[in-house]
Every structure is written in structure tokens, then in C-alpha cells.
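For reference, the structures are reproduced in the following blocks.
Each of the next two complexes has chain A plus one more chain, namely chain B in the first and chain C in the second.
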Partner chain A sequence: MKRVRIVFSGSGGQGVITAAIILAEAAVIYAGKNAVQSQSYGAAARGGATRSDIIISNNDIHFPGVIQPNVLVCLTQEAYNLYSPIIRPGGTLLTDSRYVKTTRNVDARQTELPMYDTVMEQIGKPIVFNICVLGALIGSTELLRPGALIKAVADRVPKNFLELNTKAFDLGLSLAQDNL
Partner chain B sequence: MKNKIKFIQGNEACVEGALYAGIDFFAGYPITPSTEIMEHLARRLPERGGKFIQMEDEIASMCAIIGASLTGRKSMTATSGPGFSLKQEAIGYACMTEIPCVIANVQRGGPSTGNPTHVSQGDVNQARWGTHGDHSIIALTASNHQDVFAMTVDAFNLAETYRTPVILLLDEAVGHMREKLIVPEEGELEIVDRLRTALGRDVDYHPYLPREDGRLPMSDFGGEHRFNVTGLFHDMWGFPSNNPKVINELLRHLVDKIENNVQAITRYKEHCLDDAEYILVSYGSSARSAIHLAKSRRNRGEKIGVLELQSLWPFPTELVREKCSNAKAVLVVEMNMGQVLAQVKAAVEKPDRVFLANRIDGKLITPSDIKKLLRVIQGRGV
Partner chain C sequence: MKRVRIVFSGSGGQGVITAAIILAEAAVIYAGKNAVQSQSYGAAARGGATRSDIIISNNDIHFPGVIQPNVLVCLTQEAYNLYSPIIRPGGTLLTDSRYVKTTRNVDARQTELPMYDTVMEQIGKPIVFNICVLGALIGSTELLRPGALIKAVADRVPKNFLELNTKAFDLGLSLAQDNL
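Coming up: the complex of A and B.
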């Protein structure tokens, strides 16, 4: 596996940071890889643009920041406007079609999926939106095996909510696979 | 094995290291970006019979760990920014009374309340000279979680070995970043326990009378022996003294016990350093960028190496001189206005070939920040 640099972006409260942590944790604990995850701290936890950088690699990772992501996830228009220009040519851009209207022609594989709307229709709870995004990310990039992600989700969420989260993950996974 | 692999923040790696080293007591007052250290110890310490106290402020926290350590408990506090300033007077008390303790300072931007949520390495000199009066101190630092763990264990060990406060000088980037930590098995890392006096209850115990090897065995305060402890210059019984001979000998002892052991205390790592023409001297999170640059340029045949310092005080002057002796130029990579730079310049034979690659805007210095400066020094333009 080559080094993958990922940026998760959105707004505070969408679970962007949590999703980033789960992805990196799955890579380290359940896929035997190295990963670093960092984030911008500040008022973003209470709304406003938020960003988390992840690097996954089989080798040592030193500088933890991402300058040019191979994979960019944007969950708000603001995040898309801010970060879509920095994507690495040929990378993958995943956006939610309810929140983001893609306006640019970036040299990337653009994947627009109705993740939020699907979660609301099928589950009705916005709290698992971020896990659906993770499913869609895995479905469209095959970064890690889905099983590794599910295990990492199970480590983080209370038992009673595991089924809900697994369902959201599967929704995202199939949204992405149907889109391929 | 699986539960030995963790994916956690640097602050949590510090907690794991403290637990491994045998911490019994933590007192603190929360402050960004060090808060996670106390947050996690608040849960973990009581689970194994330790004591955790959230004090009313940083001054009281520092005093509490000194008191706890005096009674025989391995003690630690954690802080950042202005909290580190508040602890300085009591750190001096711990130096003077020779009470082992560990102070983690997860650095943020300063002075004053400064830049709480962003990275800086501006407290290097404060770690050395923050408290007044001549004294010596040990300060350790780390650039990744495995080393944060190891340096935390070392901090406790050195505190006991030299009966001194040890500053664990972390920074926001490493403290908040998440990465892998493999918790070593029990026995894998050495743990130094307190040297206690073998004297019985009825024998006179002199708390400040060195043994032949210069070390001072301790007696748990409130236990077998009665003795005095004071921040004033004191004699072998621990009673205040203004006898010039006593003052002279005690102050020299406080400095010499550390400065005469620089080699034993020095911790460092080399990255691509053999035959390096350009040497980056760095530490903490900025070392990550230095290593990144050195490794990527090595792949293109450029001879760039990194000397990563893990102990900043006492400063490893001899080591830096020796490692940099053949370098065409030395770049000190740090996130302040040149605090380690001054030490490196004083250490090497050609101080005019030592340059500063810094960043002080709250952003982690990047490999390309360093590369630009290096190109200028190499005469290759930006």
C-alpha cells in the first residue's frame, strides 16, 4: 500500500473528527498499518469549519500534516470551497450531495453521494451520518477492509448503538458501490 | 498483544508511560493543551489504587506533588503555558529540597495566555531558568508516541536517581496528535525506584548527609524518622543555615549532581547522520519535519542528517560538538526564536555556520519550510 493522505472536512458537530479517528484507528489496530491523525483545534468543535488530517502507510510517518490529500472528504460547501483546490491530481473527492454543490473542475475522481439524505430516510438519526460517510469512503476507495472499520466502530460506540452504526456504515458502503 | 497496541494522543502516551513508571499520585489543574494527561489519569490512577486530585490552581498542584513525593509516592503534574509559569516557584523548592517529581509541560504559544490551541516550543529556556537562583534541572522531550512513553518513564527514573524535578517538555502537536503506541511488556524498560535509607527507627537519620557515592537516601516523611525540610539553605539535618560553608557546598552540590552527569542523562537519536554534510538539530514535533526532509532528500542522494535531541537540559554540549564537527552547516529546527540555537552555537567550533529554521506562527514547521532555508544556505536559491 502506498502512502495515503486523507483530509476530512466539514463543520463542527458533523462527527468529522470522530470519523477520522475511527478510520486511522482501524488502520493501526485492525489492519496492521501505521497512521497518524491530527486536527485543527479551536472553536470548530462548536460549529465552523473543521478539518482532520490522516496519513496511512506501511512505513514510518514523520511529518503528520497533509499538504495535498489523495483523498478529500468535504461535508459542507465551505469546506469544499476551501479545500478542493488542494487535492492531489488524480485523487478522490467525496462530497455529500445535500450539503455540497460541486462547482469546480478539479483533476480528481469526484464522487457525490446523497449520504445525509439516505441516512435520514433509512435510519432517521443524523448522529450516524459520519459513519455512513466512512462506509462510502471505504466503498469508493478500498482503503481498508470493511471488517476492520466495523471493529473500530464497535470499540468506540456503546453496544446499544452498534447495530445503528453498522447499518449506517453498510448504507454508505452500498451507496458507493452502486456508484462505481 | 492486541491490547498492547494503542492508537492514542501523545498526551495519553505520556499517561501510559507514567503508569508504567509506577506513578502513585497526580495533582493538577486543567489547561490546554495538556488537559488530556490529567483527564486520563483521573480515571486510570484510582483504578489501581493511586490518588488523583484536581487542585484549585497550578501552584497548589505543584506543591501537592512535592508533598506527596516526600512521603514516598511517585508524583507528577501536567500543565501548559501560564500554568508552567505559576509552578516555577515551587519547582525551585523541589530543586532546593531535592524532592523527586515530574512536571509535564505541553507547550503552547506564549508569552501570557498566548496561543492556547496551537504548537510552540517557546518554553525551552523557561524549563532551564524559570525558577530563580542558581540550580540545575533535567528536561526531556520527544517527537513520537513511543518516545513520549519512554521519556516519561525516563523522567520518573531520572527524578529518583538525581533527586530532582524533571521537566517533560512536550508540545501541542505531539500531545494532541494520534498515532500508534506499543506498550512495552513489564520489565522491558528499566524502572528506578526510590533509594531509601536502611537506617532503623531509633537511629539518627540525616536527610542531607550524602553517602560515599554522593547519593542521599530518602526516608518517607511521616514514617520512621523525624526530619526537617526547608527551602532555605540547610545543613545535613535539614535545618536552615546561613553558614557560608554550608551554602557554598549545598549550591555546588545542587548544580554538580546534574552537570557532572550530562553523559548519563543525555538522550538522543540519529537519523541518516553518518557522513551528513548538512545536519538538522531538532527535537519534539519539529524533529518530525526534519526527519521527513532528511529521509526524502537522502533518496535523492543529498547528504542531510538529523540529530534529534531528547534531553535538552542539561544541554548535551559535547555530543552536539562531536556530531556536528564535520558538517558544512548546521540548521537548528525549532518553533521559537532560537532557544536551542544559542546552545548549539555555543557548542560547535564554527558558530557562524549554524542557522535557525524556525516557525513561530502556531503552525507546525513543515519539511518545505526547512528545505527552502537549506537551499539558500547551500547557495542553490529558494
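Coming up: the complex of A and C.
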């Protein structure tokens, strides 16, 4: 890996920003890489759409925003409609099959997974949906080792919620690996 | 206000990133402005220093990083040593008097407040320190109306912690206003 640009997108309340922060912290603290992570809020934020950018690299990173992501995660239809055109050719597009109907062909590997439905069936707590998405992201891209992510999750969540979060992460990882 | 560049700095666990996100959300959702908010992690993050940049503007913002902040908040000595040289001439420097001994003159209004000690004396919970810092920031800069911040805090914290957080915010606001 030289440099990977990731965009997480969805709506406020889905934990998009937290997921992005955990991913960046995992890369830096537990995988020895550099990372920048940013949110740009404007009209879209007022309308409910949230986007968070992460760049992970072995080298220094000077510009923190992402223009064309290698990896794009879309958790709402609105986010998909807005951002799927910017994916980098040959990239990976991860969408949740409950929230997003993919309607166009993009020059990318498209991975549609029932992340939200699986979390609700197996755990019943929508709050860990974002951690399941992180699992699916790691399972479908091999961006970082799963263990690095689990440690970064443990740093961020209260101790008595760690088991729930680990379960959500593993669910996402399995969904993605079964789909490969 | 045309454009304000803010850097929050401290150590992991002081809630620097959360404070930055709340400030950006307050600006966008409750004050109708644009904002970007970013973290750049590297060697400093591995050593424990955390920095988060926020730009708030009435206009579009194209570059999300901050080179010279108008407003610099330093919550550890390490952060102060590292970042006080980059403050924009004429800016505002806010430090916590327990954690930081200011050792040099910078071309800025220096505000040293006992935020941590006051939180511990009046509330006894270090977890709301970052919200007290936000109160002090608003009290010493008038960046946004206090009400906009309180609403953004309410969006982010669990309901049963809102009173605690509001109290911490008001403490910081008073500390700063008494100091003007």
C-alpha cells in the first residue's frame, strides 16, 4: 500500500465520523502508518448528508481532502447518488443493501452487503452498525489487519460495550469475506 | 467574521477531537456557516499529542488544513511547545493553567484559565473538561453564540449527561468572561 483514499458517506446519526476516526487511529497507532481524517460540512450537512475523508499512507500527507477515493462507502441513497461518480477507476464501492439501490455502473468493484439487516437480526442494536461497516470494509479491502481495527475500537468505546462492538465488527468481516 | 482558523491541541483522551467536531457542527447546523474539521495523525499521534483543525467561514472552504490559526487552544505543555509558534499574529491563544506553563511571548492575546481545576472542583468529572474548554473558547472569542454550541453539545452527548455538560460549558464561559 502506498496511499489509499477513503470516503465514508451516509447520514448524521449513522456514526460515519466515528468510524472514520477509528479507521485513522487504527492505521496510525496500530499499523505504523500516517493518516489524515477530515469532515467538510456545508449545505449537505444541513440537509443531513455526512461525508468523512480518510487518507492512509506510508509517507507524509500534505493535503487532507480526498478528490477521488479508491474506496467509497455509501450508507444512504442520497450519499450514493452524490458520491458514486467520484470513485477512482478500479476502486471499491461498498454499499448497504437496505439503504442503497445501486442504479448505475461505475468502473469499480461493487460490494453490496446487508450490513444493517444483519446487525439488526444478530445483535438488535443499530448503534453498532458503523462498526459492522468497518468490519465489512476491512474484509473486502484488506486495508489493515482486523486486529489493528479491533484495538482502535477498544480505545474508543466504553469497556462494557466492547463485546457488542467486536461482534458487530466480526459480522461485517464475515459478510465481506463470504462475498469475495 | 469572514474566515476563522482554529487549532485545538492536547493529548489523546482530553476530548480534543470531539470538541472540534462539536464546534464545527455548531457553526454549520446552528449558525448557518460552512466548516471543515480535520485531524492529521503521524509521529505526534503515536507519541500522544493530538491536534484538530477547524475552519469556519461564511464562504466555501477549499483547503481543510490550517497553517496559521487565528485561535489556538493548547491543553498540554507538549502541544504548547509544538504549536505556539504557528499562531497568526494578533490571534488568540487559550491555555489551561494547570497543564501549560507559558514560556514565551507570542504576538497574540494570551488567555490562561484554570479550566481543568475548575471542572474538578465544581463538577468532579474530568470527562467534561473539553466542554468547559469550548465554553472558555466562546467566552473569549465570541466566535459563535453560546446557544449554538449548547445545541450542538446536546446533539452529541447522551441525554442524561446533558446537564453535566451544560454546567461545564457555563463554567468555561464564565471563566473567560470574568477574565476579559
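Going forward, the second predicted complex is superposed on the first by the 173 of 180 C-alpha atoms of A that agree within 3 Å, B and C clash if a C-alpha of one lies under 4 Å from a C-alpha of the other, contacts with A are read in each partner's own complex, and residues count from 1 in each chain.
One rule holds for everything that comes next: contacts are C-beta pairs under 8 Å (C-beta built on N, C-alpha and C of every residue); 3 or more make two chains touch, one makes a residue touch a chain.
On a predicted model such as this, the values are computed, not experimentally measured, just so you know.
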{"item": "Touching partner for A:Leu113 - first (chain B), second (chain C), both, neither", "value": "neither"}
{"item": "Touched partner set for A:Ala19, first chain B, second chain C, both or neither", "value": "neither"}
{"item": "Partner chain in contact with A:Ser38 - chain B first, chain C second, else both or neither", "value": "both"}
{"item": "First (chain B), second (chain C), both or neither touched by A:Ile29", "value": "both"}
{"item": "Dominant toucher of chain A (residue count), chain B or chain C", "value": "C"}
{"item": "Chain B versus chain C as contact partner of A:Leu143, first or second or both or neither", "value": "neither"}
{"item": "Partner chain(s) touched by A:Ile61 [first = chain B, second = chain C, both, neither]", "value": "both"}
{"item": "First, second, both or neither for A:Ile131, with chain B first and chain C second", "value": "neither"}
{"item": "Doubly contacted residues of chain A, that is, touched by chain B and again by chain C", "value": "21, 24-25, 28-29, 34-39, 41-42, 61, 63-65"}
{"item": "Complex contact set, residues of chain C against chain A", "value": "17, 21, 24-25, 27-29, 32, 34-42, 45-46, 60-61, 63-65"}
{"item": "Complex contact set, residues of chain A against chain B", "value": "21, 24-25, 28-29, 34-39, 41-42, 61-65, 67"}
{"item": "Of all residues in chain B, those that touch chain A in their complex", "value": "2, 5, 7, 32-33, 117-118, 172-173, 176-180, 288-289, 291-292, 295, 364, 366-368"}
